[in-house]
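Next, two complexes with subunit A in common: one pairs it with subunit B, the other with subunit C.
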Partner chain A sequence: MTDHATASTFLKAEQIRAQAEHLYLLPFPSSCPRKFASLLSQACEKLKSVVIGLSKRPGTADVDRQISFISLFLVDRLAPTLRFIEGASSENTPASLVGPLEKIGKMLLPGAEFLVRRQWRYNYRVQELRQGLGEELKGLLSRHDFKDLFPDEPQKLYSISFPSFERDSALLHVNFAHEIGHPMEERYLAADPRNQEPLAELRTEIEKEDTGADVVKRAKDIGAATSYWRAAVEELISDTISTWVFGPSALFALSEVVTLSHSADEISKDLHPPWRFRLRNMLSVLEEQGFVDPASHELQGWRDNAHSSLSGVKSSVDNWLKHMSRVVEQNTDWDAIRREGIAAKCAYESVSRVTGSVRTFAAQTVADTAYTRDLFSEEVPWLLERLFCDLPPNQIERSLWDVRQVKLASILSSGWLYKLAKLHPEFDADAERYVERAFVLNRLILKALELSVVAGEFMERDGESARGAAKQE
Partner chain B sequence: MTSLTTIPTVYKYGFLTSRAVDLLNQPQAHQIAIEDRDVLEACKDLVEKIIRGEAFLVGPNPEVSNLRPDDVETFNFLLSSDSQLLQLAKVEEDLRSYLDAILRTLEGLLRDPEGVANSERQRTVDFLTRTADALLASAKESARHYPTDESMPAAHD
Partner chain C sequence: MGLLSKSEIEEWLNKDLNERLVITPILDPREQISEGAVDLRLSTTFILTQKTEFARMDPTQGKEQLKAEIQKYQFRVSKRFHEEFVLHPHQLVLGATLEYLSFPDGLGGYVLSRSSWGRLGLVIATAAFVNPGFKGCLTLELLNHGEVPLVLCPGMRIAQLALHRVTGKPGAHPTRYRCPTEPQFSLIYNDKDLEHWGRRELAT
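Entry: the complex of A and B
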């Protein structure tokens, strides 16, 4: 007779399948969430078959153990992934931003897919959903069933989560570029054998510091140093990529969320580097790119007087940058790193030696989609003028016949500059008015993104039909 | 750092080791079915990964790829949950020869199942059973945790 645990496991699989089917029907801004819902539904069908097979065998400890694993897998791994699909619906996401972000993601990580979704915790986060699931199911399913579920090698599907109530805060979503950078760490290590050498050297460095420690303690220190190193390099790559893709907006956006995550100086429990360490890196990348003058800590290549209504924008941004420079000049994060122990000290000293190669890798990776100071100086003033008139900053319109589309990074940059120069001072004058204007700014930026996507699609179609006509001729 | 109770490979290796134990506890067959070969092959890979694990760099030519966090976590997890393994780890050579013996048995089971001595087979079953049980305990602990993207309720049991 089938025991209660087996029947209950079968029922759980069916309940998850039914919910995945239900979620499949929601409207989504892209096809990825629906594809993932379908995969979950099919996985549950396969698991039901495995449970039926086990239920026909005499009850033994070995059968019970497998049923327990399947049951836990259903509640601990499969059921929680339903929330990714639900959070990715059009209603729950900044739908006009999903398409452009997916495009950037596909450019940086060819072959991967992206699912943008909201989460309740106040954080941005990237998680791989599909390949990991495939690796787990490979250990359980028969060859045939696995092949049925994954006809090709499971491709990566990254969920990029944003804080739920910030759905419409398009400017903050510049942080998506940072999240897309996370999976690059593996590629950085594989890109050049020399990139892996510092990892191998960690062992010797730990042994030098860890004299007298027994073999197990030393092994654990090497393991911890490896994890610190990889986490820090991962963050540096992500921050650098985000800065190359979005320019100064990357620093503005990160500074808003990073101060909430953990201490300025301590390494967090999940191994994120101190945020002072990260902001220092980003500011330095902006200096290398020519956005910020390293001597004066001011915005470079910007001329307020070219657009009279913009006077004061540069001084506001300069003040902010000078404040940020003072923040990163303090080295209290290094004191905290050394206090953390031998593993952290060795790892971070090694990381600071590889910063140059990390930045070179990141710059090469995003070369095709890089945002330059020239584009910033050329496009953003025009877009800011539109924002000052409460128009969506989606294009440059010199005249009725001279209209030009702009980079996504310029749209977001104009929003950030407006926020720093125009919106923040409103708060001191009238807090209610500030909130009202902040909502208007969000709407204008989201509208600009939507119009920019529509224009981009139109131009793509227009280009295709022009090419088609030329061929016919 | 990832907690030992929530290692990401808990289900991957949990499914694998529990199926392997089940398979090795069945009456011996002359030929191993293809599906069963897959399970034993994957178990062999797991033991190789542990041997190559960063913690001791025992491979003949330790390479940087040995420093993958997955290996470190799996190895540290087993060290922490298997007292016999932890005892063996006090002397690197003892641990190495124990794991090498398990690896050789798995290779033997794949090559010539009848040529594997019962005692060797049993030692491998014991190792995989302890691993599977440790992973099951870890999975139960993991299922009690809230996902890191969900806010913690104000009160819970």
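Entry: the complex of A and C
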């Protein structure tokens, strides 16, 4: 019995190793997937050695248990991670977007690495891959083997997943910034002892509200309220960070996917807040940042008349923003939260009171990468004008000798404004043409992202001096 | 029909956006723009042929079947910048320009091999003419005519675009390849007279 299980476990480790090595050979848009494939392959080699060692020991219950443990680890933990590598290949990802997103991720979460991959479920999701595996491998490998596998302590590697068939929908991938924001909740709680105080206060508030409840019910409510609170704060932090990084595009992108997961007035099964609650927060952040005028619910600081071909863009976007303002003005989400019970009510009331500190934390976190209204107003009209001419919005080219690189957020903003103002009306005229134009827009945005990165790197080296020298001649 | 000089090319590149010749990005204008031509760089995506699947490629077999065959016959490969793509002797692959181009109505162009690459065996094979009104990245048919494999990297200047004026009233712009940003598969199946000229039972 032991022999069979041992041999079978050894074989499983070898099969997973072979698959990891096979996946290693795929083309990838960054080095992360290969590094992870290599880690899996080496981990399997080490586990094979452990199995060989166990097979030489006399069969005991302890040996059986260890073999069974390794076998379960291989099939339940290691093997499923192969799909992350497969989904991260160049063919399966918006390759030109991966580099810039990794860069943003590294700025927000120093020391962490990112792997962008497709998934078949329709949502965006972040998962930590390496540190978790490292913790489990620590219990299975000798100290020497573990050190060999992780010369430094295992660093975090986050997989960010996107819905597979949206691969080329570059504008939707603004939602990546939201996902990068998720791991920030723990940092928020750790950043200042006062940030944890509301969690302690929840107990008192539940006790105040739950006067007739028995001890068990009260304990359950306190646990549930804590979960509601943490999930809601996590979403608020992520939404706010996304808004700071990408400006209005964050709201546009979230509004397009969030409506597909659950209703506006419902706390989802995985405790996502009602999306009306989240969009209200984002709109309010945009108002604080000066992108949206709180009184008129219109874009602020945008002048169509600076670029005559763009007339009508502002009114289309303003209409969209006004619609969104009407959506979030309704408080039906609060009615639903109260109906959910005491735990949800107390948690969300507490969350509302910490919104200010959440926003301050998010603003401090993204200070170096923040996208401002000034940049938006300065860069986006030029880029939008290029889109109107079927050109990629990769840079501002006033003339051959006057070329300026732009922020990634500006490229995506121009795409969103084009989509709202120009693309959506196409649907009413001709649905087929709308689809064709949508595909062209995706291509132009992805190309712009690629060119922007390439040009930025080239200019940093020697192109800028060449351009300058030529201008002088 | 004379080719544009360097100063004329720069003039077209500096016009208002609506009537400008756009070649974006020109990373190094001093090196890339010369008398009569602009150097173009290699992009990251390639289309290769899958020889083992086919005895031959017959363009007369009917539109839908031909379309499917072409997609099976060719497949895409992506490279990152600073990665190598090895082009073997007598191998034909489709690449694309890194630069996105937009031609105004008054200009046409020819894509040519750069002589320094040509002397190593690299030829930009065919389909040299670029229509007025074209927008997109150009598909390049890359052929290694030399004796040894050639290492290509995305970003290298491998082609040149010669430009000339086009006179007369502009017609409707061809829309067969709409704003492409990668190399395009052949659309030969859209040729309306293809089947007419195909193989038939002939009366003796």
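What we mean here is this: the second predicted complex is superposed on the first by the 438 of 473 C-alpha atoms of A that agree within 3 Å, B and C clash if a C-alpha of one lies under 4 Å from a C-alpha of the other, contacts with A are read in each partner's own complex, and residues count from 1 in each chain.
Here is the rule we go by: contacts are C-beta pairs under 8 Å (C-beta built on N, C-alpha and C of every residue); 3 or more make two chains touch, one makes a residue touch a chain.
Keep in mind that this is a model prediction, so the values were computed, not measured.
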> Is this a clash or a fit when subunit B and subunit C both end up on subunit A?
Replying inline: fit
>> With subunit A as the corner point, what is the angle to subunit B and subunit C based on their C-alpha centres after superposing, as a multiple of 10 degrees?
In response: 140
> Looking at subunit A, does subunit C or subunit B touch more of its residues?
Replying inline: B
> Does subunit B (first) or subunit C (second) touch A:S68, or do both, or does neither?
Replying inline: first
>> Between subunit B and subunit C, whom does A:L391 touch in the aligned arrangement: first, second, both, or neither?
In response: second
>> Let me test your reading of the model: by the given contact rule, A:A200 touches which partner, first (subunit B), second (subunit C), both or neither?
In response: first
>> Which partner chains sit in contact with A:K269 here, subunit B, subunit C, both or neither? Use first/second/both/neither.
In response: first
>> Per the contact definition in the header, classify A:T9: touching subunit B only (first), subunit C only (second), both, or neither.
In response: neither
>> Let me test your reading of the model: by the given contact rule, A:S414 touches which partner, first (subunit B), second (subunit C), both or neither?
In response: neither
>> Just to confirm the value: shortest Cα separation between subunit B and subunit C in the superposed three-chain model, in whole Å.
In response: 26
>> Under the definition above, what is the set of subunit C residues touching subunit A in their complex?
In response: 10, 13-14, 17-18, 22, 24-31, 44, 76-81, 98, 100, 102, 135, 137, 155, 178-181
>> Show me the residue ranges of subunit A that touch subunit C in the complex, using the header's touch definition.
In response: 27, 29, 90-91, 95, 309, 385-386, 389-392, 394-395, 397, 399-401, 403, 436, 440, 443-444, 446-447, 450-451, 454-455, 457-459, 462-463, 466-467, 469-470, 473
>> Help me check something: in the complex, which residues belonging to subunit B touch subunit A?
In response: 1-2, 8, 11-16, 18-19, 21-22, 25, 34-35, 38, 42, 54-57, 63-65, 67, 69, 72, 76, 79, 86, 89-90, 92, 132-133, 136, 139-140, 142-143, 147-151
>> Touching residues of subunit A toward subunit B in the complex: what are they?
In response: 60, 62-63, 65-66, 68-69, 72-73, 75-77, 80, 83, 119-121, 123, 125, 132, 135-140, 142-143, 161, 189, 196-197, 199-200, 202-203, 214-216, 219-220, 222-224, 226-227, 230, 269-271
